[in-house]
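Starting off with a structure, shown below.
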């Protein structure tokens, strides 16, 4: 079918490529004309403006946005002004699901459908396929079925042809508008937790030779009472590799981690500042609203905050208290 | 090669089967004669006592134990008394790695080698292969290479034939005695963290319809201020399935979870009491000894403790404090 | 000075009493006429309706609300419709500070001031005085100074007469509208954390005799490897008492805890369901918005959620996973 | 009565002073002769060696040690070799309670009593009195009653003369040898939790003006969606002060925090490296041994570990994973 795509960055560009490979006709627009030209040279129909994008699409139109969350809302409003009853706007970015709930309600007044699609797969999606979590009205979701099927992993890569429904083929209509981004939000919350579980574990492996190190014996250093049990020099990268094969904790994230450690065992290109991009925060806020305990997901989020330097003031206060009650001066790193 | 196996339960029995399929000769013993007879009928050589087991093995002997952690230490001592310099005892169970460090030191005086093997793969290992994390002296580990290779996943199931070393074939010599169980301990610690990440996430999905529910408006109930954002009835099982295909959080644990939810969507056979079997505890204790922050792994462990009822006294105290300062009476469930 | 008070429950009634003791004239209203009559008999001026309350106050009027958070917003709007430019509405309840920010902006259009006062001290405030955290326009806060001074602890109970500012006398103008409830929100977040710190600690003391208990030796029970170190029968109530005297962790909460344990050592009147009333949730959400790591405050909140039964679904999922990969059946409590 | 004191540092020296003020005769020893001389000039009997210390004491002897935990065990053994049946050694330091259990068992063979005393009060103990948590045999503890009474806070400072038992006077016989240090260990675990609760809360207050700050709009920065709610410039020191008066979270730690913030509002003398000295670790390990969930106490401990730089490797791994699946490059601080 014919589909418009706006936002041709890392994600959007590759999604267009995957759609064209499956025979879909893509009309594409981006604020960067070079991105449009590049995809046009690969077979897409280029559009130099939002107006042109809308004009080049047959009705009912379907325009898919892959934009930064911060500007998506504004673009949806602009676009809606150019579109008509029966058309559909799809947001495939990492937007807050609450925006989808609100936008869908506003667009409904114009009889324009809003479909939110959580998209997982990252830079590997072009070859591997994207896992799609979809929210929106039944009719629009049905119209887009062949688009979702093309973006999702093909059956050959693990799906089960005989399974009822589409989940086994990598896409799922999760509920009304907002449900797609809600499920994607939780997906990323889980992702943070899994990543932290691995990272904490590997950090312990790295410390398994602590008993070999000199430890100062001052009052500000907690002693290691049984150094004989911490004499192991573990090859962390090899452990990541072996766990990929037959262990209970094998996963795609572990595959990537093993590759990363094989390429750069010292992780020398990284300093340790870990960004977070919104979904992890929204996940925990949703958990709090609904009273769901999420100690693991929150801990993973807080470790990122701390890596960004946001715990320093609290730590200074702790040092101030220790000095005040116990006369403890800060030990120099 | 020839190998002795003692402990023919769920794990040990299947390991014998996998070894025999690969052409190894297995001499087997268990306190339950029926287990011995069953494997003998499949081609193993049965032994009705520890003495017979030792007697039936050629030197240098290799005896692999798959026993409950609580009794392993005692059996090793008994067995060592029957064995000779040059022989090797292998502990493939879920023992504390500290026991391996201690036992290896004691057996070294007799020139008996002690090899500790962390074994992951669970009830699926027979078909899928076991991921093996090995600690012990080089010479013994070398002697056992074909045994490890047979137990580990075959190359067909994902290993990379061209990779140097054995990790890509699912087994790894991690270091001296104790290193195998140390790595397996951390593996299980990570497993707890990953499991909890999924469980917390699915719990949020389940609560995504909180806005549809009546909420009492008393002072002991925290209000849900924006119910319009919690109107989703998510099919948790379908979400588990879709995440298996192309998402960043795909994993073997997720595969199993999706299957479990497909079989019993209401999880009606479970009450929610989650046991822990030692490794998760030891992991956190090792982290504390070495000063490694493990908020995620610990949170996962504590959620299990709480599920076992061990937070009730603390909760009663909180209620007592709330009554004392604020006059709050406990709300009845 | 003259002040109107609406909401004569546990908190509001006692605040009126404390104000009258200090010589202030209180005009009081409540939906329950008996509450009005009771305070009228103690010297307050009763008002049988909001209109009468407004009518009985001299301009500029000051009306203080002590109402459940859920209804405060609506009452403020109704009241504002009856009041005039120059008047002030004070919200002393446990409202979300965001409501104060929003209400203040709306009332500013009518030139009515909105002052938000976080009030701590609970049922002991009548005798002990209330700690007041105040947000709002300078002029209104200045007008109310003698009211705040009367409600706050008197100097005799610990304040420092010579200290500049009012903080040492138990009340503080923290900033513009919303700042008072913001500081109170964080106060309660800290309160949750402190309470949990004590509760967890006492729970460990209670378990210090774990080594005396029989422990089943099945695979679903983690062994206690060194029972000789867990042979203590600690008198938890006596420990709470001794810590009150000279220890680093002495506090008012500990005083109350020691009293509670002295009265009911077995805490037999409590079941362990711990409510949360909003501020703890809002604290963590504010921390997440601003990227501040709050593992302790969050953990305290989640323990309450779990005590309310909200972790059961996650726990069932964990049991389902354990069965799937390891063949572990749930142990019966 | 007469008592020997060994270890005349910050704690030991002041304890001798407090004992002498109450009329006790102190025989003192330290490896630093100047410390001995100083206290001798204040009225203590100096001893230049362990032997002399023992020789100058009447039988049954009582020798109290205030030494670094790392050397206490060795000194106890040396001292015991010089002492006789009926004598008592008291360890008032921050030793692991397990050492007390073990040492008491060993000394019992010589009929020497071992008493472990957890001592809280820090540098303020000389004036304020020390809170004492005592473990050991009844007879020895009885003999030392007047010593404990002298060290503990006097009744004037808050104790209740009429209360039965000694807890209200600031000292408590908690159980057999080890129980004193066990209770002190948990005390410190709670202390970590309380400190972190305050520190996290103040950190949120500090961030309450986040909405005033420019925030970069790149994909690696999580947006602040409602900046209007984060416009407060809170005077953190003033808030600490006001909370001291009448609030639910008033405590001695808060008193010290308010003082520290008044003296140095910017906390400019601190860098944020927070040491931990053993008890916090042992507390969590005891909780894990006994299956008690301690998310708050553990989180507080891990924040200290992270402040010491021990999370960096884990953070680098997270960055490596983010790059691998999403093409995210680390943002520079």
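Quick notes on this one:
Going by the order they are written in, the chains are A, B, C and D; count residues from 1 in each one.
Everything below uses one rule, namely that contacts are C-beta pairs under 8 Å (C-beta built on N, C-alpha and C of every residue); 3 or more make two chains touch, one makes a residue touch a chain.
Remember, predicted model here, so these are calculated numbers, not experimental data.
Interface comparison, C-D versus B-D: the higher count of C-beta contacts falls to C-D.
The chain with its C-alpha centre at the largest distance from the centre of chain A is D. Averaged C-alpha coordinates give centres for chain A and chain D that are 43 Å from one another.
Work out the mean CA point of chain C and of chain D, and you get 29 Å between them. Between the Cα centres of chain B and chain D there is a gap of 37 Å. Listed for chain D are residues 122, 196, 198, 200, 203, 207, 222, 225, 248, 252-253, 281, 289, 291-295, 299, 302-303, 306, 310-311, 314, 325-326, each touching two or more other chains. Interface residues of chain D facing chain A in the complex, by the touch rule stated above, are 10, 68-70, 96, 122-124, 195-196, 198-200, 202-203, 206-207, 217, 219-223, 225, 252-253, 256-257, 259-261, 264, 267, 270-278, 281, 295, 299, 303-304, 306-307, 309-328, 330-333.
If you check the complex, the residues on chain D that touch chain C are 97-98, 101, 120-122, 125, 128-133, 152-153, 157-159, 163, 165-172, 174-176, 178-179, 182-183, 186-187, 189-194, 196-198, 200-201, 203-205, 207-208, 210, 222, 224-226, 228-235, 238-239, 241-254, 283, 286-287, 289-297, 299-300, 302-303.
Touching chain D in their complex are the following residues of chain B: 248, 281, 284-285, 288-289, 291-295, 298-299, 301-303, 305-306, 308, 310-311, 314, 325-326.
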